[in-house]
Amino acid sequence: MVGSPVLLIAIPLLAAFLIPLIGMIWKESVRLIPGLVLAFMLVSSASMLLYVTNNSTIIETIAGWQAPWGINLVFSPLTGFLATLMIFLGFIVWLFSYRFKRNVDFEPAKKYFIFLMMLVAGAVGIVITGDIFNQFVFIEITSISAYALTAFYTGRNSAEASFKYLLMGSLSSSALLIAIAIIYSQLGTLNMADIADKMYLMPTGYKITALIFFFMGIGIEAEIFPLNGWAPDAYTEAPGPIGAAFAGIVVKAGVYAMIRLVFTLFDIPNSMQFLVVIGLVTLIVAETSAIKQDKLKRMLAYSSIGQMGLVFVAFGIGTAEGVFAALFLMLNHAIIKPLLFLSGSYLVFNSKEKKISEVNGLGKHMPITSLLFALGAFAIVGLPPFSGFWSKLSVLTAAANEGMILIIALVLIVSVVEIVYYFRVVNRIYFFEKSDNVVVQKPRINAMIAMLILGSIILVIGFDPDIVSIYLHKASHDLMNTREYIDNVLSIGQSLTK
Amino acid sequence: MEMIYLILVLFLGGAVLTWLLGKISPIIRDILFISSVIIPTVLFFMNVEVGHDVSFQVLGYKLSWGISYLAYLFSYIVLGLGSLASVYAVAAMKGKKNLGFFYSNFILSIMSMMGILLSRDLISFFIFWEIMTWSSYLMVVFRGKDVQKVGIKYFVFSAIGAYAMLMAIVIVNSLTNSLLISDLVSSFGSFSLSMKWLIPLLLLIGFAVKSAMMPLHVWAPGAYSNSPMAFTSMFSGALSKMGVYGMIIVMVSLVSYIPNGFWLKETIAWLGGITAVGGTLWAVAQDDAKKLLAYSSVAQLGYIIVGIGIGTPLAMLSALFMAVMHAIFKGNLFLVVGAIERQTGTSNLTEVSGLIRKMPWTFISALFSIIALAGIPPLGGFVGKWMLYESLIGSNHYLLVIVVFFSSTAAFLYSYKFLFGFFLGQEEKEWSHIKEAPAMMVVPMMILAVATFVLGTFPGLVLNPIDNGLQELGFASTQGRYWEMSALFNEWGNQVMLQPLVYAIIAVFLFFAAFLTIKGFKHTRYVTTKDISSSGEVPKEHENLTFSQNFFQPFLRAVEPFMKRRIDTYYSGIGNGLEAIFDFTRRIYTGNGQTYALYAVIFIVVLLMFKNALFGL
Amino acid sequence: MNNELYEILRYGILGGSILLILIGLYAALTKRSLIKIIIGLSIVDGGIHLLLIGIGYVKNGTAPIFSPGFENSTANMVDPVPQALVLTAIVIGFAVTAVALSLVIRLYRHHNTLEIDEIKNLKW
Amino acid sequence: MTYIILIFFLLVLMVGAAIYSIVQKDLLYAVIATGVISLILSAIFLLLQAPDVALTEAAIGVALTTIIFIITIRNTVRHEDDFKDRNDLKSAIK
Amino acid sequence: MKKLIVILLLAVTGYFMVISFMDLGKDGPVVKNGVKDFYLDKTVSELKVANTITSIVVNFRGFDTLGEVTVLFLAATALGGILYKKRHHVGERSVLFPSSTIVKAGSKLLFPAIILLGVYVFVHGHLSPGGGFQGGTIIATGFLLMLLAYDNFSVSHKVLSYIESFAGIFFVLFGLSGMFMGKTFLENFMPVGNLNDLFSGGIIPIIYILVGFKVAAELTGLIYTVLNEKE
C-alpha cells in the first residue's frame, strides 16, 4: 500500500484543530500549515492515484469493521482522480490566496485558511467515502465551510449571498436525510456498495422516491437548473480565489455524488435521460443568462453552471465514451474556470462593483494576467489547440455515436452564445481604453505562479491530451462497472446474505 | 523528423519566438518574423512531396498529415502571398504598437492555413481551421476599432460555420468510425439518404462562411476593412480560399454522389451568382476603398462559387484559376490601399486624388491588378472569366450567364472608381508632400503585378497544377488536359501560351501607354478641385468637390430597390431579439432566496408527478 | 401492543412527521421574515428526525441498551442505527441554524430589515 | 394503550405548537413555541425508546437553539411584520 | 397568491409523501438482517459496550462523529468569522435581561449540579443513555445559565479554544494511533474489559469523553460569541 486514503481526511482535520493552538504562538503558521497539509495531501493522493491506475482499488476500512458494517473509504481510479484534482486545485487556490489581500486581520486570515482546507477535505471526503450518511456529513462540512467563505468579506452583499446559499443548503440536507431514511428503511444498510448490491430488492416506488429526494439534495450542490439560484450570488460575493474553489472543487464533488447515485446506486435507466434533459436545461438557461451580465464574476459563475450542465449531458449519454468525455470536461473545467476566476479576481481587484466595464484596457497594464484570462477564455469556449477543445470534441463524439444529433446541435448553438460573452470581455481587456479611475493591481509572485501553473496545464493538455487520457479511461471504466465496484468493496468482508 | 512536422513546428516556434524575443529589439523581431515565414516556405517547396502521408493518434482519433495536388496548388497561394505580404508588413507596420503580437498572429494564420492544406483527416482540418479563425479574428480586432461589433460578428459567423462543420465531423466519425477524409469519401455512398444530405450541407455551411457566400457574407466587409491591410491581403487573398478549397472537395467528392444532388449544385451556383451581383453593387456604392475592395472580394468569390457550383471540369478549372488570380490581384489591391493609407492617412476615395505622380509604382501595380480584376486581356483575370462563361454556356446555364455578365460589367464601375479616385483627377494641395511608399512595400506589390501579367500570358503555369488537382479529385482525364477543351486555347493559342492574341494586345497596350504619356506631358495643366469658377460660385474651403463624390449616383439610384434590403439588418434584428430573450430568461434568478427555495419544491413536485405518471406509486 | 395499535402508532408518527415537515416548509416558503424562515427550517429538521426515529421503531421495542443480565435480548430492540444518525443530524442541524442566525444578524446590520423580499441586491 | 394515547396527545400538541409558532407574529413567542416543539419531540423520542436522542434534543433543541434565536431576535426585530424598528426586548420582558 | 401556490404545492408534496412514506418500515426492511443485527450482536460480544448507540456513534460509525465534531467546530469558527468586527469591546457583554436575585442564587446552586450531570452523562456514555454529545450539550447549557444569570460571568476564549483544539487533536490522534498499531483508523486497540464496567469498551469511552469536552467547549464558545454580539 502506497498510502492511506484516511489520511486525506484525518490530516486536514488534525491541522484544523491544531492551527488555533499554533496560531497563538506563531502567527504565520495559520497561513503556512494549510499549504503544507494540502501539499502533503497532493503528494499522497497523487501517488495513490498512480498506484490504483496500475493496480487494484484501495479500500480502507475504518474502525476495523468490514464493508457493509463499518464506514469505508474507496480510492478507486475514479474517486482517486477526482480527489487528486480537487486537492491540486485546493493547493493552487491556497498558493494564490497566500497574502491575497494584505490588510486582512489575523483572525479572519486564520479562519479563511482553515475553511479553505476544510472545504477541500470535505469535498475529498464526499468523493472517497463509501457510505451515504458519511457522505451527508462531508457535504455538511463542505457546505458550512462554503457558507463561511462566502460571507468572508464584511461587505453588504456577501451575507446575502451566503444566506441564500444556506437556505438552499438546508433544504438540500433535509432532502438528503429523507432519502437516506427511505433507503435505510428498505435496505437496512448505508454502505453504497451494499445498497447497490441490493437495490433490485427495493420496490420501484420507494426507489424512485428516494432517487428524487437525492436529486434534490445533491442537485443543489451540483447546481442543476432550478436549484442553482444560490450559485451566481455565492460565486460573485465570495473572495476571488474562493470562486475558483467553488467552481473547481465544490461543484465537482456534487457532480460526483450525483453520478455515483445514477450509475452505481440506482438501477433506473430513465435517470440517464433525466440527466440529459436537466443538463441541457441547465446549460441553456445558464449560458443565456450569462450573456447580459455586467459583473465579471457573475458572468463566470453562470458560465460555470452552464459547463456543469454540459457535464451532465455528457454523463447522460450513458456510454463509457460519454463518461470519459464528461470526466475530461470536468478536468478541463476544473483547470480553466479557476484560472478565469483567479486572473479575473486580479483584473477587478480594486474595483468596488466588479463590473466588466472596469477591465477595459487592462491588457497593457497587467499583461500576464490578461493573457492568462484570455487563454482561459479561449480554452473554455473550446478553441483548439487548447484543452477545452478536446473535451468538447469527446462530448460531441460520444453524443454522435449514440445518435443524439439534436443535442449536438443545441450544445453547439449554446457554445456560440458562450463565445459571444467571453470574447466581449477579452475585447474589452485588450482593445478598449482604460478608464482613469481604475487602479491596477500587480499580482503577487505566488499568485502569478499559481495562475501560470494552471495556464501551462491548459497548453500541455491542449497539445497532448493523451497524457491524461489513461486516467480518464480508467476512471470511466471504474464508473461504468458497477459490479466491479460492489465486489471490490464487499469482497473484503462477506456480503450480507439476503 | 518528418518534414511536415518540422515545417509546422518552425512556424509555431517562429510565432512564439517573434512574440517573446520581439520585446527585446524591433530588429530581431522583424528578422525573426520574415525568416520564420520564408524558411518554412522554402523548406516546403523543396522537400514536401505529394503523396507522402504521416499519421499518428491522439485520444484514439487517427490523424494523418500529407499533401495532395489540390492542396499543393493552394499552398502556392498561401505561402507565396504570405511571404510577400510579410515583407510588405514589416515596412508597412513600422512604428505601430504591439507588433510582436501582430507578427506572431500573422505567422500563426499562415501556419494554420498550411495545416488545413496538410490535413488528411477531419479533426486536424478542424483544429487548424479554428486556429485560423481565431488568429484572423485577433487581426480583425487588432486596431481596436469597432471590436464589439465587427469582431464579434466575424467570430460568431465563423463559429457558426465551424460548429456546423464540427457537427458534420462527429456524425461522420459515428458513421464510419474514422476521420480520414479518404474514408469519408469512400464510404459516403453507403450512408443513409438523410445523412447524405446532412453532412455535405453542414460542411458547406462551414466553408460558405469563410468564402463569404451570401447570405453568410455579412461579416466580410467589416472584417476585411478593419484588419491591417498587410493582413487583409492575406485575409481576402488566401484565407477566404480555404473556404473555396473545402467547398471544392465537398462538391466534387460528396455532393456528386447524392441522389438528386444537382439541385444542391444549382443552388450553390445561384447563390454564387447572387453573391457576385450583390457584392458588385455594394462595392460600387462604397466611398471607402477598403470597403469597396471588401465587397469586391465578396463578388469575386461569388464567381468562384458559381464555378464550383456548376461542377463541370471546365467550370472547376475556371473556379480554381480565378481563385489563384483573385489571390494575386486582390491581395495586391489591398496592399496598394495599405500603402496609400500609410502615406496619406486615409483610404477614403473622396478625400485622396491625383496620386499618380506622387506614387507611380503603386499606381502601376494597382493598374495591373485592376485590369486583371476587370477581366481584360492579356492579364490573368480574363482567362478565368472566359472559361467560366464557356462552361456556363456549355452546361446550358444561360440565365446565370446573364447574371454573371451583368455583375462583371458592373465591376468596371468600381474598378474605375478605385483607380480614378486615388490616382487620377486633380492634385490636391494637402497631398503635395506625399512620397512613394518604401521599397519594401513597393517590391511585393510589383511582384504581384508582374504575376498577374505572367499568369495571364502563360496560364499553363497554373492550369497544369490545377489539372493535376482535378484529376486527383476524380475527374479522370481522357484526352490530355482539360483546359485544352476551352475554345480559348483551341482556337487562338497553343497549349501553354496565348501567343498571337497576347502579342497583339501587348503591342496595342504599350503603344497607347506611350502615346498617352507623351501626349500627357505636353498638354497637362495641373489644377486643384477648388480651382473652378463656373457660374460665379466660388467653392468654400472645406467643401468636398472631389470627382469621386457621388460617383455613380444615377446608377445607384437605378439599383436602389435591390440594395435597400440589407441582410445585415435581419441578422442584427435576430441578434438583438435573442439578446432581449436572454435578458428575460435570466430573470428566473429573481434574487429572492425564497423564490429559489420555491423552485426547489416545484422541482421535487414535478419529479414526483413524473414518477407517478411513469412508474405508478 | 397488538398489531392494529402498532399500525396506528406508526401512522401517527409518520403522519406527524410529514405534517411537521409541511408546516415548516410552508413557513420557509411564505414567511417574509428571515427568522420565521429559519424557524420553519428547524421545524422541518424536527420532522425529519421524527421520521427517522419512527422508521427505526419496532413493535413493543425496547431501547437498544443492554442492562446487566439481559445481554442476549436483542429481539425487541428498536433499530439503533437511525438513532445514531439522528444524533448526528441534530448536532449538524444546530450548527447550521447557528450559522444561519449569525448571518441574519449580519444582514440586519447591513440592510436594517429582515424582510427577505428586500434583501435582493444580487439578482439576475 | 395509554402509551399510544400519550404519544398521540403529544403529536397533536406538537403540531399545534408548530402551527402556533408559524402563525404567531411575535417572534419571541414563535421561538418559544419552537422550543416547545423540541421539548415534545424529545418526549416522543423518549417514548419511542430513543433515550439518547431525547437527551440530545432536549439539550440542543430546547435550550441552545432557543437561546440563540432569542439573542438574534434581541439583536434584530421582535415582530414579524415590523421589519424596520429595533425593538427593546428588555422592556418587553419587564 | 404566493401563499396559495405554496399551499397547493405543499398539498401535492404532502399527498405524495403520505402515499410514499406511509408504509415505510411497515414490515421492517425488505432485507431482513441489515447492519442493525450485526451492530447489536457485536456491541455486546466484541466491544463490551452496553449502549449500542454509543458503540455505533463512536466505533462503527466513528468517522461520522469525527465529521460531526468538525461541523460543530466549523460552525463555531464560522460564527466568529461572520460576526467579526474590527473593534472588539472585550469584557463588555450586553445583557439579555437583568436577572433577579432568585435567579442568580438558583443558577449558582444549579450550575455545579448541571456540570456534574453533564460529566456523568458523558462518562457513562457507554453504559447508559447519553454520551459525549448529550453530556457536552448539558454542560453547555450550564454555562449558558450562568451567562444569562450573571452579567459579569465570562469564559476565557483562550481556555475554550485550548479544550476544543486538544480534544479534537486527541480524537484524531487516537484514531491514527489505531493505524500505527497495525490496525485501522479509529479501531479499538485497548482491552475491552467486561460489559457494564465503567472501564470497558476500549477506546470508546475515552473518545466519547473527548467528544464531550469538545462539544461542551464548542457550544459554550458558540453561545458566548453570539451573546457578545452587541446591537
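As written, the chains take the letters A, B, C, D and E, and residue 1 is the first residue of each chain.
Throughout what follows, a contact is a pair of C-beta atoms (placed from the backbone, for glycine too) under 8 Å apart; a residue touches a chain by one contact, two chains touch by 3 or more.
Computed from a predicted structure; not experimentally measured.
Visitor: Which chains, if any, touch chain B and chain D both?
Guide: Under the touch definition, chain B and chain D have C, E as mutual neighbours.
Visitor: Chains in contact with chain A and with chain C: which ones?
Guide: Looking at chain C and chain A together, the chains touching each of them are B, E.
Visitor: Which one chain sits nearest the middle, judging by mean Cα positions?
Guide: Going by the distance between chain centres and the overall C-alpha centre, it is A.
Visitor: Taking the mean of the CA coordinates per chain, how far is chain B from chain E in Å?
Guide: Comparing mean C-alpha positions, chain E is 74 Å from chain B.
Visitor: Taking each chain's centre as the mean position of its Cα atoms, how many Å separate chain C from chain E?
Guide: 16
Visitor: Averaging over Cα atoms per chain, report the distance between chain B and chain C in Å.
Guide: 69
Visitor: How far is the middle of chain D from the middle of chain E, if each middle is the mean of its Cα atoms, in Å?
Guide: That pair's centroid distance is 20 Å.
Visitor: Which chain D residues sit where two or more other chains touch them?
Guide: Counting only residues that touch two or more other chains, chain D contributes 51-52, 56, 60, 64, 68, 71-72, 75.
Visitor: Could you check chain E for residues that touch two or more other chains and list them?
Guide: Residues 6, 9-10, 13, 16, 20-21, 24-25, 28, 34-36, 39, 51, 53, 61, 64, 68, 71, 74-75, 78, 82, 129, 133, 222, 226, 229.
Visitor: Using the touch rule from the top of the page, what residues of chain C touch 2 or more other chains?
Guide: Residues 15, 19, 21, 25-26, 28-30, 32, 37, 51, 54-57, 63-65, 81, 83, 87-88, 91-92, 94-96, 98-99, 101-106, 119-122, 124 of chain C touch two or more partner chains.
Visitor: Check the chains against each other and report every pair that touches.
Guide: Touch list across chains, by label: A-B, A-C, A-E, B-C, B-E, C-D, C-E, D-E.
Visitor: Per the contact definition, I'd like the list of chain A residues that touch chain C in the complex.
Guide: Listed in rising order, the residues of chain A that touch chain C are 133, 137, 140, 143-144, 147-148, 151, 156-157, 159-164, 166-167, 169-171, 173-174, 177-178, 180-181, 184-185, 190, 232-233, 236-237, 289, 292-293.
Visitor: For the complex, give me every residue of chain B touching chain E.
Guide: Chain B residues touching chain E: 598, 601-602, 604-605, 608-609, 612, 617.
Visitor: Mind listing the chain D positions that touch chain E in their complex?
Guide: 51-52, 54-56, 59-60, 63-64, 67-68, 70-72, 74-75, 86, 89-90, 93-94
Visitor: Once bound in the complex, which stretches of chain A touch chain E?
Guide: Counting only chain A, the residues touching chain E are 4, 6, 9-10, 13-14, 16-18, 20-21, 24, 60-65, 68-71, 105, 107-108, 111, 114-115, 118, 125, 129, 133-134, 137-138, 140-141, 144-145, 147-148, 151-152, 154, 159, 162, 181-182, 184-191, 198, 201-203, 205-206, 209, 496-498.
Visitor: In their shared complex, at which residues does chain E touch chain C?
Guide: Listed in rising order, the residues are 2-3, 6-7, 9-10, 13-14, 17-18, 21-22, 24-26, 28, 34-37, 39-41, 43-44, 50-53, 56-57, 61, 64-65, 68, 71-72, 74-75, 78-79, 82-83, 128-129, 133, 195-196, 215, 222, 226, 229.
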